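Okay, handing you the structure first.
First chain written, first letter: the chains are A, B, C and D, and each begins at residue 1.
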Amino acid sequence: MKSNVRVKLLAFTPLPESVVAAAARLCYSASSAEDLIVMLHDDKEQRDKFIKNLARSGHLSPFEHVSFTFAVDGISRACSHQLVRHRIASYSQQSQRYVSMIDANYIVPDSIMENEKALMLFKDMMRQSHEAYKSLAEWGIPLEDARYVLPNAWETKIVVTMNARELHHFFSLRLCKRAQWEIRRLAKLMLIEVRKVAGGIFDVAGPACVTKGKCEEAKPCDKPYSSMEELLS
Amino acid sequence: MKSNVRVKLLAFTPLPESVVAAAARLCYSASSAEDLIVMLHDDKEQRDKFIKNLARSGHLSPFEHVSFTFAVDGISRACSHQLVRHRIASYSQQSQRYVSMIDANYIVPDSIMENEKALMLFKDMMRQSHEAYKSLAEWGIPLEDARYVLPNAWETKIVVTMNARELHHFFSLRLCKRAQWEIRRLAKLMLIEVRKVAGGIFDVAGPACVTKGKCEEAKPCDKPYSSMEELLS
Amino acid sequence: MKSNVRVKLLAFTPLPESVVAAAARLCYSASSAEDLIVMLHDDKEQRDKFIKNLARSGHLSPFEHVSFTFAVDGISRACSHQLVRHRIASYSQQSQRYVSMIDANYIVPDSIMENEKALMLFKDMMRQSHEAYKSLAEWGIPLEDARYVLPNAWETKIVVTMNARELHHFFSLRLCKRAQWEIRRLAKLMLIEVRKVAGGIFDVAGPACVTKGKCEEAKPCDKPYSSMEELLS
Amino acid sequence: MKSNVRVKLLAFTPLPESVVAAAARLCYSASSAEDLIVMLHDDKEQRDKFIKNLARSGHLSPFEHVSFTFAVDGISRACSHQLVRHRIASYSQQSQRYVSMIDANYIVPDSIMENEKALMLFKDMMRQSHEAYKSLAEWGIPLEDARYVLPNAWETKIVVTMNARELHHFFSLRLCKRAQWEIRRLAKLMLIEVRKVAGGIFDVAGPACVTKGKCEEAKPCDKPYSSMEELLS
């Protein structure tokens, strides 16, 4: 069965903009710990303006104090293999060693979806791989070995935590049109989620075409985003 | 003026035990992202038992999904220098380059506090260093250079974020009686704070004498803790 | 074609034991930078004894100053997915997005190798997956999408760099009999390689049964290693 | 006694450019581990051109495979406190807890050196702090507490290891004219050292004015570097 990426925000640091602002202000003022607690309830507008200035001036370390935890399913093992290469993050991934892959959930690339012949072959391979997996398991092969026949397309589930600084870095790389389509799709859903709860931090995010108005890639794509709206559409 | 460490919990991931448990369960089950959200409201007792088993079996990665942010003041620069050596953490520290050290706040070691002659000399040095700092600033020396005369004892303020896994590691090292007294004092206050909001995660924490019932140091101290209560008293 | 893991030591910090010892000595002495250079040519026996004491006393940070870079091939994508979860390390992996998988190289688990019926099915699936991959590519599907049909068993190549401290951590986890067989096999070859050039650092390494003489796992295996020799045999 | 920063390259990954190039090539080719070993002896000119392209195109991860270890002395505790904030690095620092500060070695900021009145006061404070330290030690105060009177200017010694990717990041931040003068001085000496042994990797390095021909700071300095030569002079 075709599967689609789903992203739920499982948890995040409350009042994220206020926490970032309070931490940043400590660096340049004589504020006490108590003052910082009070700052958490500062004027929203001023606070968000302050945060934007931090981001613009490259003073990014205060953004590390707030974290976002996503429950993700409907991504392929090909995608999760890329995802976990981001090292400043935490992961808990469904184990193919221990969890039996009873249902056939897999991801179909658009290029295959749109090509009837390719899609037929693809679906057939998914079915056969799954059949082989089940046969091997029945014959006493341990699940952790039977899974060697499962394809890259197979669905996995993962909980991911990143702080806001790393998320900005992640979005700058993975929302670029030159990034692989599946991780782009995931990154976009993650961005949509964090914008709901931390708009002041993620008001501007994504590849350089969006955040800096011009591409910084060695080999630019031919259609850079012209706006945040286009990126999110 | 003598200064004492103060620790305020500025922010933390809500429902920390539930988030850890949900992430850990994903690894060994076929739960969807939606299921994980529901799990956040699981039975407390069962959940905390599950978490304790995770910790005991060394399955620590799910503890990375929850973070705690502390506003700390009343620690010396000697202490903050040690603190920031913990690399899996985020810091925003008051800058001596930019913030004028108007007030004389400094930390006095107990060994000096308890020795009248030493204390008199110590206080005199603090006063003189501060006078020198102010004179240099008046004479046009930039603050960032004037501060070179300020002593290790000088107070600093810092916002620290660590995830629960790193906190456990931090507590295991820094609550050991062989750790330096000032960072031990800080670690103890941090532990007290997180136990208020995440008792299920920090029910047991600290050096091996407390968590494993026996010391693992090459050169053990002569009075290991016999219990969590003693550690916290 | 069945593939077997191969590990080559591509590069490493020269005189690794001497570098570790010099760095460690700086912590507890008034040595200058020049002195440290001289220390590089210290007496070997004394140096190795000193290093062993460091390791025993848990003073592990000096081991971070030396790194080892391995060229690895003949591992499955299942294995590389586990490997890259070690975050204090650097990786350059052959990209299935860009490199055409012309040859059918894959890893066969022993449990399948030893089961004739399973092996026949497994090989058949490998062949079919590869045929499907090639057909998709011929029909104009991008390589990065065609690879979605390739199985977990498919071979990948990777360059890995870890410092000696992280390697010790890696060996303690991945040489345990409860670790997955393929990454255990890889870890063993890596250990054999580093022992050739840094015997003083890796004289003792591996799971707790070997390094501490007793298991620390929550669920111990039934046949812990009784010696380093057994581990390496 | 006034002290000056000294930087010695204690160790580094041999053939650094070749290792970076071999790792990078693996990503986009079907090369085996054996092929990579052979690549280590590739044509120098072609290799360095390839590396430059990697850097330009922002494909920086292969630069992580090579590390550089520096023995540093003659820096202040103010400087080392900044240095150790770089978390993707390894440090072994002379401990003020254990090593007796017998000699009075300290760092004098230029702004103070050039102001006779300030210098006299500064030197007097250094002398007095040291006298106080020695008195406290004589009176039985532990060294780790006596050091609380020592100033930020006090000399420390440290061994630092960074990989080439992190070094580039470090140089981009710390060689900027807006960085603090002492860490800039250190960074410059480190750059000079690595250029001697890895010219192909550090041919271009430093702040954006040098590497990209234009400043990216929010508040630019008024005299950006016009060339690598100027930066190194």
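In this text, a contact is a pair of C-beta atoms (placed from the backbone, for glycine too) under 8 Å apart; a residue touches a chain by one contact, two chains touch by 3 or more.
Keep in mind that what you see is a predicted model, and the values were worked out from it rather than measured.
The chains that touch both subunit B and subunit D are A, C.
Over half of the residue-numbered contact pairs at B-D are shared with one candidate from A-B, A-C or C-D, namely A-C.
Note on subunit A versus subunit B: their Cα superposition corresponds to a rotation of 180 degrees, in steps of 5.
Subunit A and subunit C, compared by their mean Cα positions, are separated by 28 Å.
Work out the mean CA point of subunit A and of subunit D, and you get 34 Å between them.
Subunit B has residues 91 in contact with two or more other chains.
The residues of subunit A lying in touch with subunit C in their complex are 76-78, 80-81, 84-85, 87-88, 91, 96-97, 106-109, 111-112, 115, 117-118, 121-122, 125-126, 128-129, 132, 135-136, 139-142, 144-145, 147-154, 180. Within the complex, the subunit D residues that touch subunit A are 53, 56-58, 216-219. Against subunit D, the residues of subunit C that register as touching in their complex are 6-8, 10-15, 19, 22-24, 26-34, 36-37, 40, 61-62, 64-67, 69, 71-73, 90-95, 98-100, 102-103, 157-159, 161, 163.
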